[in-house]
Each structure stands twice: as structure tokens, then as C-alpha cells.
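Presented sequentially are two complexes of subunit A, the first with subunit B as partner and the second with subunit C.
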Partner chain A sequence: MTGLRRALGLVAIEGIVVGLVALAIILSSDHFEERGVNAVLSLFIGWSWIGVGLFAWWRRPDNRFGVLMTAVGFAFFLGALSAADATWLFTTGVLLSSVYLAVFVHMLLAYPDGRLGSQRLRRVVGAAYAVAVLGPLPSMTFATSKELDCGDCPRSGLFIADDPTTFRVLDLLVSALAIGLVGYVLYVTLSRFRASSTSQRRLMAPVIWSGVCLLVVLVGSLTTMAVDGPERLGDLMYFVSLLLFAFVPYGFLFGLLRSRVLQAGAVTELLHRMSEGSDRSGLRDLLSNALGDRSLQVVYWLEDKRRWVDAEGRPAALPADDDPARAFTRVEREGRAVGAIVHDRSLCDDPELVGSVAAAAGLSIENERLQAQLRARVEELRASRARIVEAGTAERRRLERNLHDGAQQRLVALSLTLRVAQGKLGKDPDVAHDLLGGAQEELSRALEELRELARGIHPAVLSDRGLEPALEALAGRSPVPVELAGTPRDRLPPAVEAAAYFVVAEALTNVVKYAQASQARVSVSRSNGHAVVEVADDGVGGADPGRGSGLRGLADRISALDGTLELRSPQGAGTLLRAEIPV
Partner chain B sequence: MPCTILIVDDHPSFRASARVVLESDGFDVVGEAADGASALQECCRLRPQVVLLDVQLPDIDGFDVCEQITSHLEHPVVIMTSSRDSSDFGPLVMTSGACGFVPKAELSGERVQELLSP
Partner chain C sequence: MSEPIRVVIADDSVLLREGLARLLEEFGFEVAGQAGDAEDLLRKVGAHKPDVAVVDVRMPPTHTDEGLRAAHAIRREFPGVGVLVLSQYVEEAYALELLSQSTEATGYLLKDRVADVDSFTDAVRRVANGGSALDPEVVALLLGRRRREDPLQSITPREREVLALMAEGRSNAAIAEALVVTERAVEKHVTSIFSKLDLTPTVEDHRRVLAVLAYLKAA
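And now, the complex of A and B:
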């Protein structure tokens, strides 16, 4: 900031020096009429633009509007060279005397952030600079001092011949070009002003309106001169436009001050109304009124979930940094993020206003955050409860299907085989013997399937003997070698034991199905009032937590016990499934 | 001449047992199908006199298959079967165009013959 101040200070000194040089040139001119008035007016206009421009530059260093205003001031002083009596200084001064208008057009078109948003606008600004410099060329090449109504002016350094016809034709052409250009700039400026946000209008309205008036008068003045209208009307219009031009920077200053007054008013009203208490839409409305942005939204930061939610506790997303329409301002309390105000990007031009409102609303947003946190938790519980019910129904469907397709079909076939064997006993005992052998095998398979099914519902060994034997049995049945690293010495509550068992069962199923692991390691321990279950493998990693319903079902089951389930599975570095369940 | 029959069921173990039971009771099992679509195809190709049709098939519901088979002018007799009880299906067996229902565990040539007799 100090660096910027120093640089701006230097620019200010340069502005003073350039202004004084312009003053000296005008006062010592032989051909300028009313030198005193002209000198004072020039100094007033140039310094006004440079001063206010530097102020804007200092207040909004990221916005190039201030830079352009300062540039307008410097460009205006270039015109003072036309007061010089030396031929080439005079010629250069006349050629550059309208450049300040091109910079002014540049500034208007670069509204509101000081940057030209499109190739089309850059072309228009390029054309404005070209017309400004080339405009006086006909008068410098084909007109005498008499035709220019400047009897004592030095002869132009570019004078070719006294050719009034060519001069008039070229001058008309340039004027027509300038009128067309200014008309187009007016159209673009007004369209963009209409499309801008309330806060931008608040700040920029005086500049834009005085700029528009100036351009209108300029068009009038150019037209009068082009159609060879009354000389006094042309002079009057020129004088009015100069006066308007002088007051444009003060318009900007007025806009800035008004914005600050309104900002203070908005913050005071916000504080007052918040002290009266408000519900959740009330807070949004208060902020929306204070910032003049109807599309404003408030989101809250849930530290434990590491995510943003809306007032209802539903997940919300912040706009991206390069979002052209939306932006956000973080709200912090005691260095901690509590929420964010999502607003129109145009409000970024007025960071102090948004910052003051964010600071004023901090406590209310913190309170709302707690409410949103609660609602998020309720929403989560509701969703998890619905999933548990759905999982219960799906589980019953699966059991029915497994029973029907497995054991029931085998028992049906067995029944049929036994009936046929019974019929063969007397007349064909060998066939009957074979059929009975087949029936025995079918019965064994039916029994095995029933055992597997029963174990899936709830392993008896878990209830009877505890977690360790149940996990040992699970490890023993796994095709991938499993190391059982440890289990708690004392029994855990039945619900916790069951949850721990199914975490291990699901994890081992996934290891076999997806991990391509050579071994897995299972451990269950007690730590800080929690049962900690860990299943790690040395497989390919990259497991997707959303894959299948198994992990989600487990997460719901653990969540119902107030526990957490975490999956770490970096690509190529194995997978770790870790559950923490309060005991 | 033995009565020709097509067995439609998605469980191979049942199809094998049913074939043994029905053949030992004098039926001529001319084909088997594991789902509704192939049941309809095999019906047209083999023209059996009887179709033993499971209710629960992986593609088309057994009752719908029965309706499609019996919608033709000259169609085989359809006997529905399931490991569930007929009471589980309410009036569906009668409205689907089937001639009757045999629980899988009670399947025998005799039961089929009883349903075929007018």
C-alpha cells in the first residue's frame, strides 16, 4: 500500500508540473484570446481530473477507472501546446488537442471496472483515438489561419496548400465520423448502465450522466460546426461542453461520497433491524436491502462437515472465482469462517460496503450457522433413516429371493427326486440308490446355503462367543489371507459388535471383489470411548465410496450409532476402511 | 402315443428333476426353456401338447407368457407351477388362460394327467 501511495504521490507531482507548464504556455501565447480565463480553466479542468483520478486509483487500486481518469487529466493538458507560438509545438498541440476526449470515451466504455470487455469495444476505442488525432489534420494541411478564425496563429508545420474545398470536405468527413462514433458510445454506455447493478449505479450515476450530457452537447457542437451553423451557437456549445467536462470528476467524487453515506446508512439500519431479531429469510432480506442485491444468498460453513450449506442445511456451492455473474464475500468471526454472502459480482467494485455489511452481520450469521448446522443434521438423519428403512426392505427382498432361488429350489428338486426314488425302490433298486445319493448331495448344498444365509442375517457365533471368534471365522473363510491384528479384551455392546462385524465383512468382501490385494489386516480397538475398526489391504486402491449400496448402508448403520465411517483409498496405495463407534 | 410336454423354468435343478419325474410317468419331454422369450419360441417350434410353466421367470412374468401362448387359436394346454402355493397368486392362475396349477414339490405325471382330463 505504501508503494502505491508513493507512486501516486509521484504522479500527483508530475500532474502539478505538467499543469504549471501548460499554464506558462497559455499565458505566454501570442495568439490565444482571453489567456487568463483560458489558463485558469485549463488548470482547473486538468488538475480536477488528475486529482479525482488519483483519489479513485488509491481507493480502488484493482479498478482501472482511476487510472483512466488521471490519464484524461494529463491528455487535457496536451491541448495547451496549441497555445505555443513555435510552429511545431503549435501543430503538435492542435493534433493532440482532442486526445483527452478519446481517453474520456475509453473511460466511459471501460465502465465499470476500467477494462474493455470485448474486441468490439477495443476497436471502437482505437477508432476514437484515430479520429481524435487525425481529426485536426485537414485544418493543419489545407486551411489558412484566416479560415481557422485564428489570425495570429503560427502557420501549421503540415500546411500543404490553401484549398478551402478539400479542407471543407475532409473536415465534414471527420465530423461525420466523430458524430457516428459518439452516438455509438452513447448507445453502449446507456445500455450498460441500464444493465448494471444498484450499487454500481449508486457509485457511477453522476459520472455516466454528466458524461452522457457532455457527449450529447459534443454531438450538437460538432453538428453545428459541420453544417456551418451560427458561429456563436457553436462557441456556446463548446463552452457548455467544457464546463460539463470540468464537473465530471466532481460527479464521480459526489457518487463516491454518496455511496459512503448510503453505505453507513445501510450498515446502521442493518444493525438496528438485526437487533430487533429476524428469522432466516429476514436476515437474507436485510442483507439484500443493505447491499441492493435482490439475488443475494447467505450460506453457512459447517466446520465438522467441511462444507457449505444453505439456511435449510442443504449442501450449497460457492460461485467459482471466474464466475462472470456471481461472487462471494466470506464472513468471519474471531478468525473463523462462519458463512459467506453470495452476491452479484458487481458488488466486488465496492468491497468496503460488502465488508462493512459482512462485519455487521457476523453475529447473526454465526447464530444462523448454528441453526443451519442443526437443520443439516436433522436433514441428514431424515435421509439416513429413510435409507435404513429402504435398506431393510431391500434386505428382506434379497432374503426372500435367496431363499426362493437357493434352498427352496434345492428342497423342491430333492422332494421330486425322493418321490422318483421311492417308485424305483422295488423294481429298479440300483437307480433308486443313485437317486438317493444325488438327493444326499442336494441336501448338503441346501444346508450350506441356509447356513450362509443365516450368517448374513446375524452370525450366531458373534452373539454367543463375541467379536474375536466371529472375526476369526470371517478371516478363515476369506480367499485373501487376513491378519487379525487385535480385538478388545472385553465384550462391546451388541449393537457395536454387530456394526464392527459387518464393517469387517463388507470390507473383506470388497477386498476380494475389487482390491486385487495379496493380504488384508483387520483390527478392532478401544480408543477415547470409541470402538475403532480398521480394515487395510495392500491392493490397487482407488475405491469409490459411492460404489454400490454396501458402503452407504454401512455408513448409515454406523451413523445411527453416532459413529463415523471413513474410506482412504489413494490410487495404487491400498485401501483403509476405518469406523469409529462411540461405546 | 405319449403326451408331449415343454418344461419352462429358470432353475436347471428343477428342470432336470421335473424331466426325470415326468418321463418316468410316461410323458415325452420334448424341450426345456429357461425364460419367457425362449418359452414362446420353443412353443412355436416344438408344438408341445402341454407346457409346464413356472410363474417367476427372469424376463417376462409367467402369467403374461401364459396369456401370449393361449391367445393363439390352436394352443397347447398350459399348467402353471411354482415353489410357492397357488393361494399366493389369488385368481391370477384362472384368469391367465392356464388349465391349472401344480406346486413344484407335488409335481407328478398323475397330477398333470388329472388336470388334462376333462
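And now, the complex of A and C:
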């Protein structure tokens, strides 16, 4: 920053020196009329441009607009050389006396970001420089000082011949070129202005309008001179164009100040409105109004999920850094990101405005963020509820199949056997006896299947006696030795007990199926308002959390109770399934 | 033939109750009363003073473990009345809870077992006479528990059979009959088992069951 300051300071000193040199040249000129007025006006205009240009340069070092404004000021001082009495200084001065207009056109077309956005604009600017230098050439080559209405002017260093016809033709040609070019620049400027967003227009208006006025007067002045119109009109237009030209930097300054005032107004209004409270779309609309960007969106940062969501809690994406149309501004509170305002890229030209709006909206965005977080949670619950319903349906289908394929088939077979036995009773009691014996066996198998099925749905001992006996029974049935390391002394809520039971049941099933473990350890404890269920084994590890529907179903069951399920299974180092359920 | 054994039956299913009553009467028991819930059961036990009550675990109003609680109440208030609990499911927690205080005149059988008439009537008779009865499936679960440093691994398959029958509450004579060996052989096995499991030998059957169960539960 200090480096930039020093450089800008040097440029300012140069500006002062160049201005003073110009002043000296004009004041000592033999052929300039009204030297005093001319000198003061030139100094005022040149220093105004350099001063405001340096200010803009300092405030926005990245934007070349300030550089261009400063350049306009220096280019303007070049014209003072035409007041010199020495032939070559005079000639050079006249040739360069319109360059400042070309730099001005360059600046105008590069407004507000300081860059020429397209090849077409670059060509227009190139043409402007060419015409600016070529413009005075006919008068320097084929006209005498009499025709130029300047009796005391020194002789041109480029003078070829006194040829009024050639001079007129060339002058008309160059004037027509210049008028056409300025007209075209006018058209481009106006259409660019129309195409800008509201916020951009607000920033651009003073410069564009003063620039447009200047161009209009310039066209008038050039036309008057080209057709040899009344001298007084030409002088008047030249004077008006100088005044307008002097006004442009102040127009820019005014635009800057106005955006400050508007910015303060917008922020005040925003704070006021937000204190009245707002709903979801309300905050977006307030920010959209304050920044004059209808496309504005607010997104929120969910720290726990590490992702951006919209107000409804749905995942949202931020525009890329090189997105030509959209940009975003982060909103932070106490050093933490709470959200971001996604807006038109043009607002990046006014970072202070967006910054103060973001700061003012911080609290509201934080509140909205909490709401969005809640909605994201609800969204998640909706999904897991859907999965639970789905799992319930799948479970019922499984039960139905097991009942049909198992117990029901056996009972049908049994009924057939009994019917046959009934027929045999009279004539063949021995066969009937055997049949009934078989039926007896079939029946006890059917009963056994029904018992197993009922236990899978919900073990009666769990609701009657609680976790410990239920887990002991699970442990007792496991082919892998299970150590039951502890259970809470008091009963837990039924839903929590059931969840804990099924966590252990599923975990032990997996231990037997996959872990190749020599033993497992089960514990249920209470800690910090949570029931903590742990099942650890000394097996091969490397369990895949996505394996099968069992773990997924468990995770849903646990999350339905607001709990978490965690699987730690490093390769070769056993598996730990841990569930934490709030009690 | 001596006096018939008098039974009170409690089950909320009339069908099952009637079925049990017919079966028991057919096999020489006297059904003194039938009850549909625990309250009714306690009243009828008090009124009839039967030798044994056959009680379903699940009964109104909550259909959870009324039968178990009624069984405890009967054993507490009417020490002369035995209780045989019938359960829809194999739940060793219930069985151990019922038999851990005293195995005297107490039994726990899977409901399916009633179809195996001989062993069912045998169990009713045993409990009525102050003995105990534990369902073979519960015993299998207790014996089947996987343990680290399992002393049960040191006993022979034959001894294991004897141990299971002991846990079910059978007498030496019944075990000898079931395994088709002499009572003398059974006694030898029992002595061996008790020394291997480091248990104090007892004579009475129901005390022996208690010791075996305590051992199996603790291990």
C-alpha cells in the first residue's frame, strides 16, 4: 500500500510540474488570445482530471479506470504545447492537441471497470487515437495561418503548400471521419448503459451522462467547423465542451459520493427493516433492494454438514471465481462463516457497499442460517422417515414370506396328514398311528418356527424385563463367546431399549458372519444424557458400512431417535459398532 | 391307586384351558378349577388348595408376565402348592428368575411340550410332588453358552446328557430310565460331574437342580 502511495505521490508531483510548465507556455505565448483565461481553465481542467484520477487510482488500484483518468489529464496538458512559439513545439502541440479526446473516449468505453471488454471496443479506441492525431494534419500541411484564422501563429513545421482546395477536401474528410467516430462512440456508450444492471447504472450515470453531453457538443462543434458555420457558434460550442469536459471528473466524484450516501441510506434502511423482523423471502428482498440486484440470493453455511444450503435447507452451490455473471460475498459473524450473498458480478466494483450490507445483515443471516439448518434437518428426517417406512414394508414382506413358506406350509401338510390318518383309523390303525406321530413332529417344528419369527419381531423379554436379560439371551445364543460388560441399572425408554437391542443383535450377527472373531464384547452405558451402545470384536476388521441393508436400517432407526451410529473397522484390527442415543 | 393329583389350570385361552383339562383328566389328574387371569387363579388356588397350578406366562390384562408373578405369589402364600409355568417362548431369563430362589415344587416348560403327553404329565407330577421341571430347550441353551475356559469341556458326552437331565429336574431313576442304564451308573456319572464342576454333592433332587442351575448361570 505504501509503495502504491509513493508512486501515486510521484505522479501527483509530475502532474503539478507538467501543469505549471503548461501554464508557463500559455502565458508566454505570442499567438494565443485571452492567455489568462485560457491558462487558468487549462490548469483547472488538467489538474481536475489528474487529481480525481489519482484518487480513483488510490481507492481502486486494481481498476485501470483511475489510470485512464490521470492519463486524460496529462494528455490535456499536451495541447498546451500548441501555445508554444517555436515551430516544432507548436507543430507537435497542434498534432497532439486532440489526443486527450481520444484518451477520454478510451476511458468512457472502458468505464467502469477500466478494461475494454471486446475487440470492437478496442478497434473503436484505436480509431479514436488515429483520428485525433490525423485531425489537425491537413491544417498543418496545406493551410496558411490566415486560413486558420490565426495571424500570429508560427509557421507549421510540416507545411507543404498553400493549397486551399486540398486543405478543404482533406479537412472535410477528417472531420467527417471524426464526426462519424464520435457518433458511433455515443451510440456504443448509450447501448452499454442501457444493457447495464440497475446497480451498475447508478454508479455509471454521472460519468456517462456528462460524457454523452460532451460527445454531443463535440459532434456539434466539429460539424460547425466542417461546414464553416458562424464563428461565434463554434467558439461557444468549444467553450461549452471545455466546461463539460471539466465537469466529467467531478461527475465521477459525485457518482462515488452518491453511492456512499446511497450505501449509507441502504444500510440504514436495511437495519431499520430488519429490526421489524422478516420472513425468509423478506431478508432476500431487503438485501436485493439495498443492493439494487434483483437476481440476488442468500445461501447459508452449515458447519456440521460442511456445505451451502438455500433458505429451504436444500444444497446450494456458489458461483465459481471466474464466473462472468455471478459473484458472491461471504458473510461472517465472530469470525465464522454464516452465509454468503450471491449477486451480480458488477457489484464487485462496489465492495464497500456489499461489505456493509453483508455486515448489517449478519445477524439476520445467522438467524436464517439456524432456520435453514433446521429445515435441512427436517429434510433429512423426512428422507430417513421414508426409509423407515420402506424398511417397515420390506420387513412385513419378509415376515409374510416366512409365515407362508414356513409355518403355513407345514400346517397345510399337517392337515393333509391328519385327513389321511382319519381315513386309516378304522382299517389300518398302525399306519394311522405312524401318521399321527409324524404329524406331531411336523407340528412341533411349525411351532418352533413361529417362536423364532416372533422373537425376531420383538423379544418379549425385552419389554417385560429390560435390556440385560434380553442381551444375555442374545449373548447366550451367539456361536461366538460374548462378554456382556455392562448395562444401565435403570430401565431406558422402550424405543431406546429396542434400538439398543437391535444394534447388538445386528452387530453380533455380523460378527458371526464376517468378523472371524474369537470373542465379542457388548456394553450399554449412560453418559452425558446418552445411552451408549458398543459392540466390539477382535476379528479381521475392514467392515464396509454400506454392506447390506442391516446397518443402513439400524442407522435410520438410531437417527429416528436423534442418535448417531458409528462404525470403526480398520483392516485387521477388529470392529467397533457404537451407537449414541439421547435419553 | 392313591389319591389323584389335584390341578388348577390358568390360561386366558379357553380352548387351550379345556384341552389341557381334558388331557390331564384323561391321564388320571383331577382338575379342581380353571382360571382366565392371575387374580382368578390366586382365588381358586386359595379355595381349592390343589397340589399343583399349571400357569400360562401371558395373561390379561397386560399379556406380559402375569403368570410369572402369580407363580411367585403362589409359592410365597401357599407353600404346599407347586407351580408349573408354561411359556410360549424359550426365555432363560424367566426360567432362571423362577427357579433361582427355589427349585422346590417349581417348573418352567415350553407350551409346545404339552403335546408330548408323557413328559408333560411326568413334569406335572414331579412338580406336584415337590420336585422341579425345567424345559430341555432352556437347559440346552444354558449348556450351549460359549464360555472362555469352559469347565464343561472336560466332561464326557454321556456326563453331559446326565447333566442336562439333572438340570431338567429328573431323579436318578428317571435319568437311568431315559438313558437305559442302571441307577448305579447314573450315580457314578453324577459324582464325576460334581467333582469336575467343583460342586458340593447333594441328595435331594431339587437342591441338586438349584446347584446345577446356579453353576450354569454363573459360568
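Rule of thumb we're sticking to: the second predicted complex is superposed on the first by the 385 of 583 C-alpha atoms of A that agree within 3 Å, B and C clash if a C-alpha of one lies under 4 Å from a C-alpha of the other, contacts with A are read in each partner's own complex, and residues count from 1 in each chain.
Here is the rule we use: a contact is a pair of C-beta atoms (placed from the backbone, for glycine too) under 8 Å apart; a residue touches a chain by one contact, two chains touch by 3 or more.
All of these numbers come straight from a predicted model, not from anything done at the bench.
By the touch criterion stated above, A:H404 is placed in contact with subunit B alone, subunit C being left untouched. Contacts of A:V420 after superposition: subunit B is touched, whereas subunit C is not reached. By the document's definition of touching, of the two partners only subunit C reaches A:S478; subunit B does not.
Of the two partner chains, neither subunit B nor subunit C is touched by A:V169. Counting residues of subunit A touched by each partner, subunit B versus subunit C, the larger count belongs to C. Of the two partner chains, subunit C is the only one touched by A:V461; subunit B is not. In the superposed pair of complexes, A:R451 makes contact with subunit C only, with no contact to subunit B. Contact with subunit C, but none with subunit B, is seen for A:L443 once the two complexes are overlaid on the shared chain. Contacts of A:V412 after superposition on the shared chain: subunit B is touched, whereas subunit C is not. When the two complexes are laid over each other on chain A, subunit A has no residue in contact with both subunit B and subunit C. For subunit A in complex with subunit B, the touching residues are 404-405, 408-413, 415-417, 419-420, 423-424, 442.
For subunit B in complex with subunit A, the residues that touch the partner chain are 11, 13-14, 16-18, 20-21, 24, 56, 83-84, 104-105, 107-108. Interface of subunit A with subunit C (complex): residues 440, 443-444, 447-448, 451, 454-455, 459-461, 463-465, 469-470, 472-473, 475-482, 519. For subunit C in complex with subunit A, the touching residues are 58, 64-65, 88-94, 97, 112, 115, 141-142, 144-148.
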